[in-house]
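As written, the chains take the letters A, B and C, and residue 1 is the first residue of each chain.
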């Protein structure tokens, strides 16, 4: 009888856990869990094994079984501010201090937690979940089944200023943002509206917390971007791209489908998948080259000494 | 007849567009736009050309013609919380769930969008535009025509803790923040109040999203700072400085007027304009040196092999 | 008679200031302050000296004397939304537009500034101070005397997605967050809830603004982490660790007690204090090695030339 799920370090009798990262094999061996979802049986472990080609995915399904997503009861808080010219679908839930402005549309069953702001003319799909204090600026469009975490801001002005004789003049940012279905965006992440046209985030793409997406960026489908990454204006990121944390991309470049970027890398020009699948470093170079380079960097002082030694040997002392 | 503006990849008949980045010349050639603002005529293009020494600036003016900034109608929402001891100027607009605390002053025609918090004794100038959920802590001072984007926080405590025998003791942050006229600050950016004295952001300076400004920092006029940059306490940044994204500045240093810092650079000591105008790398060095270095880094494994080869050649095999 | 405190550049008659950073000795010399707290007397200075082994700590105490923390008057705003099933302790202060959801508990004397959201079942200790728009997701637990700055988000979903045949499947994040006593967390910082189990931040630890803490991370006691740092999932950070700004830690690694990480460093594997106390660079290496390496990097072009020269010398011109 299995009654719950737990991490592999803590799972006990009656609990199911999973093993995906080889670092945790030792925990599997000692585990008192009733069952472990894994790719292969672990020698010497007591638990029953549930074998899966993709243990992490299988585990996701099991967690959902034990923790079915709570559907909050439908209802509109009287403490929300809904413009008479806004349209809410069926069974929309609106918590206190939510604002839905004129001309905005919110799809069926979408949940707006406290303090969410849906700007003038913004359009939100069905079955979305917006956590507290999410802000949609005017006219942005969000697909269905989109999850936006607390404090994320969609459609703020891009960073566009033209140097003039005295200081800078603001370029009005009159474009918008379009977010596809099944996107999830992390807490306090910011997505700029286009100067003209559209900043686009494709279907199924996931952004972590504190990510910055500049104006007129296009991100494809099923791309994942880790925290604190910054993408400058007009970049085109492909489908199924994976970007590590704190990566930075200069403006007006392309990252092709399926490319992976290491954490902290700095991309200064277009990256082609034909050249390398994985890129690292500042500026980003193919990952294998970067790895070799990174291993040699600490030996640089030694190399300088060795070269000095060769130079000294070349010139007999008396001739110096 | 021109009826609107559009980006160069999309502009069609009846639309005006612009060309500033040489990467986009091919779009100009194929464009169906009625007119293109550019520095020079593009050979083979069908569009009419509007020549300008500063096409980006000219374009800014044209966008404004077609999209004049909407002045939101004046009015105070009954769902806002205004302390009787707060003073609002003429034609201030206050949206629902705004809080203006005791002793705060808000200048004429300033617009406070939903959820803006103006702390005790904070002073805000005229014609400002604060997007949803902007937070001003107590006593900060903001100039006129300032734009603050959603979720930005002005005047939070600086990161000051004195190590004591057991753990840390908080240094009360009793200074404030002063923001000059015509400043624009991006979404979810944070500006710490001074421990004593003032954190200052000068007239016309623009901060992008997710920037961190530490306590007692001084930033001059007409400086631009891109997203995810962090400036540690007590730095002095000059006028007309340009800082790329994800740059980091250690505390108590100076960056002189007119200097440019590359994206992701790390500044560890004062930078003098006389030494170099553009700096890059970690730690930051003059940009031309950095460029040469960056090009050679991937060749480091080869260099190690070449040195090994020289060493081997020097010592005849039999003598080893 | 001393009536106030001021920074050393500005302190005048009747004010006390402090000297901790040797860079500021020249200001001490010229200061008109009535008294300076310092480790040693400064030759030629007019001010009285208050000598202390830890001038910064002594100064913290003096600032507190002149600026005793204002205890906001107790009271519950009628414009807050408190679920009947929430429990508030004695003398809790609740500002307008605060939401405390079902089953949440708020300890005695805690202050919730405007727009704070305390999620379902969240538990908050005594004497806490939460600035505007702080968001606690459901079921997180916060100790006593905790300060959370504006816009910080505690308990948002970790970034967990299992690749499936078509795109990604969300791993439900069903764990929680526990924050110890005397913790302070900066503005717009984000702390993810655990996928299972607990994300933990130990007693007395201080996080700066815009920090990202991933799911299932454990941070010890009295650790300080500067702005824009990112800590990926399942990291274990020890006690009294000091992390510079914009540092990045890959997932599933350990940083032992007392270690210091330089700003912008990138940690890719577990760091042992026995190997080095201070680490820098990407990937992080012991700081002294990094320093030597960083000094030599700009000389890389010269080194390539020197090696070329040696190679040319080896092969007499005629033989090439």
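Criterion: a residue touches a chain if its C-beta (ideal position, glycine included) is under 8 Å from a C-beta of that chain, and two chains touch if they have at least 3 such contacts.
The structure displayed is predicted, hence computed values, not measured ones.
S.K.: Suppose you list every residue number at the chain B-chain C interface; are over half of them used by both chains (same) or under half (different)?
M.R.: Counting shared over all numbers used gives less than one half: different.
S.K.: Would you kindly give the rotation angle relating chain A to chain C, two copies of one sequence, based on a CA superposition and rounded to a multiple of 5 degrees?
M.R.: Angle of rotation between the two copies: 120 degrees.
S.K.: Give, as an integer number of Å, the spacing between the C-alpha centres of chain C and chain B.
M.R.: 22
S.K.: Counting only residues that touch at least 2 other chains, which ones in chain C make the list?
M.R.: 97, 115, 133, 151, 188, 210, 228, 246, 282, 297, 300, 303, 307, 310
S.K.: Considering the complex alone, what residue numbers of chain A touch chain C?
M.R.: 5-7, 9-10, 21, 23, 54, 56-57, 59-61, 63-64, 66-67, 69, 77, 79, 95-97, 113-115, 131-133, 147, 149-151, 182, 184, 186-188, 203-204, 206, 208-210, 221-222, 224, 226-228, 245-246, 263-264, 282, 294, 297-298, 300-301, 303-304, 307, 310-311, 314
S.K.: Please output the residues of chain B touching chain C within their complex, sorted ascending.
M.R.: Touching chain C: residues 81, 97, 99, 115, 117, 133, 135, 137, 151, 153, 156-157, 159, 161-164, 166-172, 174-175, 188, 190, 192, 194-197, 210, 212, 214, 216, 228, 230, 232, 246, 248, 250, 252, 266, 281-283, 285, 289-290, 292-293, 296-297, 299-300, 303, 306-307, 310, 313 of chain B.
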